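After this come two complexes, each holding chain A, first together with chain B and then together with chain C.
Our next item is the complex of A and B:
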């Protein structure tokens, strides 16, 4: 399991990377591995609000669908349209494949460090 | 409690991700993933454990009459060494199961049924038994693997003498020899590709598996699991019991009319199937033209009205797009027309298309 130290993690298997007042959100290596070959992604639209602990979109593998739970509340500034064309990017590079960039960040769910997340999913 | 097939330890050894299916613990995928397994079967070869399938012997001087009574297909002209597919109906014309009958010899048939239905089927068959027929459920004694894909013939020839390898589609060889192991080999499958199903005593299943994997390595053979089995059968539009048909869905509604011989004198369910004509609902293929993945049990809309529901759906790796099958009102079923499917509250545009989605070049 690949777990970069510089990221924070949620117990719902999302990662978050803060850049100043904004943050990028994606799903972890563990999540993509559990889901298997990803074939489809549903993303919110720019300017949509996301709420900490609630679904911001979903990902589908050949066999299953899973909600992507937002670790923070905020407003969507940007979406990664590459994932709409090719969801398998998430399998090959889960930490490069951000789903959304969020600003106006308010609440967040409990976030774990890389070590804590590895222990949680280890 | 879930049962293990004779290949359970082999699945663990090969890194299978184990799930429960039809009362058995089986792998849903191996390390390479569903897509890679699917593509291996379409372009090279895959090996599946299908030991969970049930096997029932139908023997005796009236075995043929009995099969013609309880099954919708006609077995009158079936010859030894040939196989034939058939639904089995209840009195209401609903489908109890779909199965394959292999004829070993006069008065001697080998019937292969769906794992989850084995006990139900056997009870039904015993209940409707006629004099001059003996039935036995031998499911626990047999292991079964499926070798599927364009390289299957080449790989099997490395291990088995040509005289034990069935040449034609839907033919079979009983009492074959697989490196000293007594096997039955049939040229059948559930993937839409050329290939074989190999039956062996349960305690020899792991040996057969290992020898096939070794012999097939240089021809791209990889272990394949339930996930790919489902996407492959979907792409070939083969119905799956419990999805496209069940105790309430008739084989005619499911589009299996080719295996329902209404001109036979009689069979269980015939009167109900006759009374059910013309069909109010029929199976249809759906190709997603919008964005989304179809799954089963989703409502299908046309012109704002619900016309039916999906029975299966997924992303099909070889065709590279999302497809589904649905049972819809016959009147609304028009190939080439558009419809919408409610995918968790989002309407996804689809087109009604002919089945199968995929057909191999011969």
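Our next item is the complex of A and C:
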């Protein structure tokens, strides 16, 4: 299981990378490997509000559909449209495949360090 | 195998009718601009084409079909025969009421039977299938709360083991879905339920037995807690086959329920219909019932605060004819269906549990779930591989990767209509596959080898779907 040290993780298997006042959000290597080959992604729209602990979108694999739970509350600044065309990017590069960039960040769910997340999912 | 369009030869056709010599007098507007692409093929060739297709398919008539949560049981032929009687089959829903009294009587009688089975006060047959029944039930719940002016309730609680249709129906009805966890026994986590109940709770949707084949031992407490919070309890009747004639949903605290007539009450299904998902409700929900309601066994009228029409007319009538015939032939011994369904599932579970990890190792109801995860981690043979290997034994695979709370799930529902010999053959197949997982894993990973098509690339099919045949 690949778990980059510089990221924070939620128990719902999302990662978050803070950049100043903003943050990128995606799903973890563990999540993509459990889901299997991803075929569709639903993303919010720019300017949508996301709420910590609630779905910001969903991913569909050949096995199942799963909500992508936002680790923070905030406003969507950008979405990664590449994923809409090719969901397999998430399988091949889960930490490069950010789903949304959020700003105006408010509260967050409990966030784990890489070590804590590895222990949680190990 | 060629498509029927590829077998088509211009000018070849069927000579049942002579060529039309009547000039076409239709106005231009509704006429299509291009001729329709219809295959031109002789009757003989067409018969062969469809027979060849049928030979390549697998249905209940071909072999064991333990597709969990789908109740793929044998449907008695007499039900088909009754539904094909011209007096039923050729009815038109717009016929004057006094020419269809027999049909009305059948619907009213079936309603009585289903009320007796569920303990409910009334049944609407409008819903066209299961999920439509769920949607109807939720609209009844919503109408009830709204009628009392209790409009703050916008949440429906659904366990994480639920059928995917539950949250979908809740969303359709304008509710927010609140997912609660299952406990380590695979049933509702009471503490998590309590934590989510409140003034916003419109209701709870529950399948019992649930999708891991377990009857919730805390059901009386669960429904009581929901009622105390002011919510209503919805029973997803998908698994009614497991308890029919033994447990009445109304007695264990449910207010509204749907049944799948096509599953529990025998109609061939799995091919897209027609189904029938009647919704049964307690007395206090009767004022909101959809469509036309029969109050006296003769006359149909609209309920005073009806939620409207869920579908045209009465619903899928011929499925009702089959369910009615089924219940008349089964009679008061309807509980034996549940007993045998549960017995068959437990028999298979007992015969497999020494080698396959059972997700929740306890006496099951009508189905049980294997969690292949430990074997997958050791051997890289997945639930999908096992499912594909079963095809070579002439067995339809069980449901896989559902419920989501079990990793590498294989969900097996034998149903009551299978003999011990069939179950034994399936058990032998499962045990042989287990040996192969450890001795020759590649033969499982490369299965099937004997089917008309081999392993399909389902990822490619989903990512690059070709949904239309393109004519040259």
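FYI, the second predicted complex is superposed on the first by the 122 of 122 C-alpha atoms of A that agree within 3 Å, B and C clash if a C-alpha of one lies under 4 Å from a C-alpha of the other, contacts with A are read in each partner's own complex, and residues count from 1 in each chain.
Keep this in mind: contacts are C-beta pairs under 8 Å (C-beta built on N, C-alpha and C of every residue); 3 or more make two chains touch, one makes a residue touch a chain.
Keep in mind that what you see is a predicted model, and the values were worked out from it rather than measured.
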Chain C versus chain B on the shared chain A, clash or fit after superposition: clash
Touching partner for A:62 - first (chain B), second (chain C), both, neither: both
Touched partner set for A:114, first chain B, second chain C, both or neither: neither
Chain B versus chain C as contact partner of A:51, first or second or both or neither: neither
Which of chain B and chain C A:89 touches, first, second, both or neither: neither
Which superposed partner A:39 touches (first chain B, second chain C, both, neither): both
First (chain B), second (chain C), both or neither touched by A:77: neither
Clash-bearing segment of chain B relative to chain C, given 8-16, 62-70, 152-160 or 170-178: 8-16
Chain A positions touched by chain B in one structure and by chain C in the second: 37, 39-40, 62-63, 65
Residue ranges of chain C touching chain A (in the complex, touch as defined): 164, 400-402, 404, 407, 458-459, 462-463
Of all residues in chain A, those that touch chain C in their complex: 34, 37, 39-40, 62-66, 87-88
List of chain B residues in touch with chain A within their complex: 28-29, 33-36, 227, 230-231, 291-293, 295, 314-315, 317, 322, 344, 346
Partner chain B, residues of chain A touching it in the complex: 36-37, 39-40, 42, 58, 60-63, 65, 84
